[in-house]
């Protein structure tokens, strides 16, 4: 008999982490979610039921208040079916969307972990795999609440910001 | 101003995770710790002060009670200087050493996270990087105690065993 | 209209290049050919019709004269259907098998390129991918004959040996 | 005693193959040559004396006739010191620069091999490593002349074009 599997949902919204390269155009942009193929398939998750829900595919600099509302509503709507949730998001406004969700519905029944990457997942030395690995673990055993997980550190909402000079996140 | 860095120590004992290939002999064996070069250097750890302490380099099937005592003593001796600790160990007797340490000194002032890998870190599809990434995060925010972290799951000591048919760990 | 595709056959015999790791046993050995999945699938070969023919899966130190005869016979039997051929072989006796084939049937209608690797293809820093990439190119435009291709160098049979101290091949 | 080393020069001009990602800006562009660090360092070249000469760092769509003249002059000026040469170039106008060099000085004392990539070298599934590996080999044993090497095929100048629909090169 095995321990019960944890049900984890990944909500994808786009961001650098999911940008991919188009060989015809020579450009890098958000096209479709590459989370499953490039990141999760390479992890060993024998105790996890993992699902992906694609909400949008946007550079986070383009996100509007409506987008944030939609993300927040999707999180709330889907939370009851899962033990934990990760949210892939562009780094530029990730702290804003985190705060938006936190202020709108501070009470969440499960841990909701925002993460992303400084370098797209398709690059050899991307931080995407590290950040997703960490967020998946955090989603399994942090207490309910909103968090941002990045570079081996967990920041509870809302006191976190992107430190552009150091290319990471930090607490404020 | 940044948040304070966490001081994390990795104790290495050998095991599959650290086995390397010798091109002259065509064999795979525990030689020296490859944790720093192959695993930690590829992670982004801006908020972590990371140190490595090599205790031994053994296949865990060869470990004696003396070896386990030495590992346990090193953990106890060094714990006061760190916020968290990971212990790299072969999978075959990892649960035994975990239990040994737990029974000998259940009270540890910091979280001590055992981990390892089914496939050596030098292989392209090794689970070493995943397991070390997870253990490093767990060492930062689990409460003090002994744990085994593997494949996106954390098992508190002592109820864990190697599930040889599924090539992972599970709770018992 | 495209240029005509070249028909290239890979004959596999085992050797370090094709050794794979067994997680249950913790050993590295010749099991089945991993050429297609680990090496050729990652190359872009729009102008190549590529086929694999598995003859044996042996460490080359275990090869007998009968084995060499079989390899030589398979090369001769299949040569007429292809524009070029590569032979994956263990490095320890690769020069011997090359000489055997060369002496038995010096006249081959196509280029036959022996290659292998110092480190199994599954390792991150294996030379397998480099050597197979080179051999595939050499098989397309060298004149008919027997060759050993290794580490960006082509050695016509039979004057080549494994330089064990430098972990490569050289001419003698 | 070893065989004599071949002296190979790589001339870099930019192009997709050398584009790198800037984490601050989130853009991909030609900055500095990444040939040595990302590609050649990972190859085993015990019989090669390898040197790099950076001529420019341009997207090949931006190249002018003056740029092509400069590339051609650098090739001619440096050829006498080497046994072979590779030229890294953007794919969009690679066939044009090849023809320019070929028409200006068809007589070259050594093989000159143009190559590049459809996807930048920093991407995990880039064709850069394959193309550079092949070009380095071709530069060692093709007869003197101008060539374009791509995706396991060698095209002698000047009859080659970029097949945009198939994302490769082909002969015309």
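Letters A, B, C and D mark the chains as written, and numbering starts fresh at 1 in each.
Just so it is clear, contacts are C-beta pairs under 8 Å (C-beta built on N, C-alpha and C of every residue); 3 or more make two chains touch, one makes a residue touch a chain.
Per UniProt, the chains are A, B, C, D = Asparaginase.
Model, not experiment: these values are computed from the prediction.
If you average the CA atoms of chain A and of chain B, the two centres end up 27 Å from each other.
For the pair chain A and chain C, the distance between mean C-alpha positions equals 45 Å.
Chain B and chain C have centres, each the mean of its CA atoms, that are 39 Å apart. Within chain B, the positions touching two or more other chains are listed as 118, 125.
Viewed as a contact network, the protein chains form a single closed ring in which every chain touches exactly two others.
Interface note: chains touch in the pairs A-B, A-D, B-C, C-D. Considering their complex, residues 16, 21, 23-24, 26-28, 59, 118-120, 122-125, 164, 167 of chain A touch chain D. Residue ranges on chain C touching chain D, taken from their complex, read 2-3, 6, 42-48, 118, 125, 127, 129-130, 133-134, 136-138, 140-142, 149, 151-154, 163, 166, 168, 170-171.
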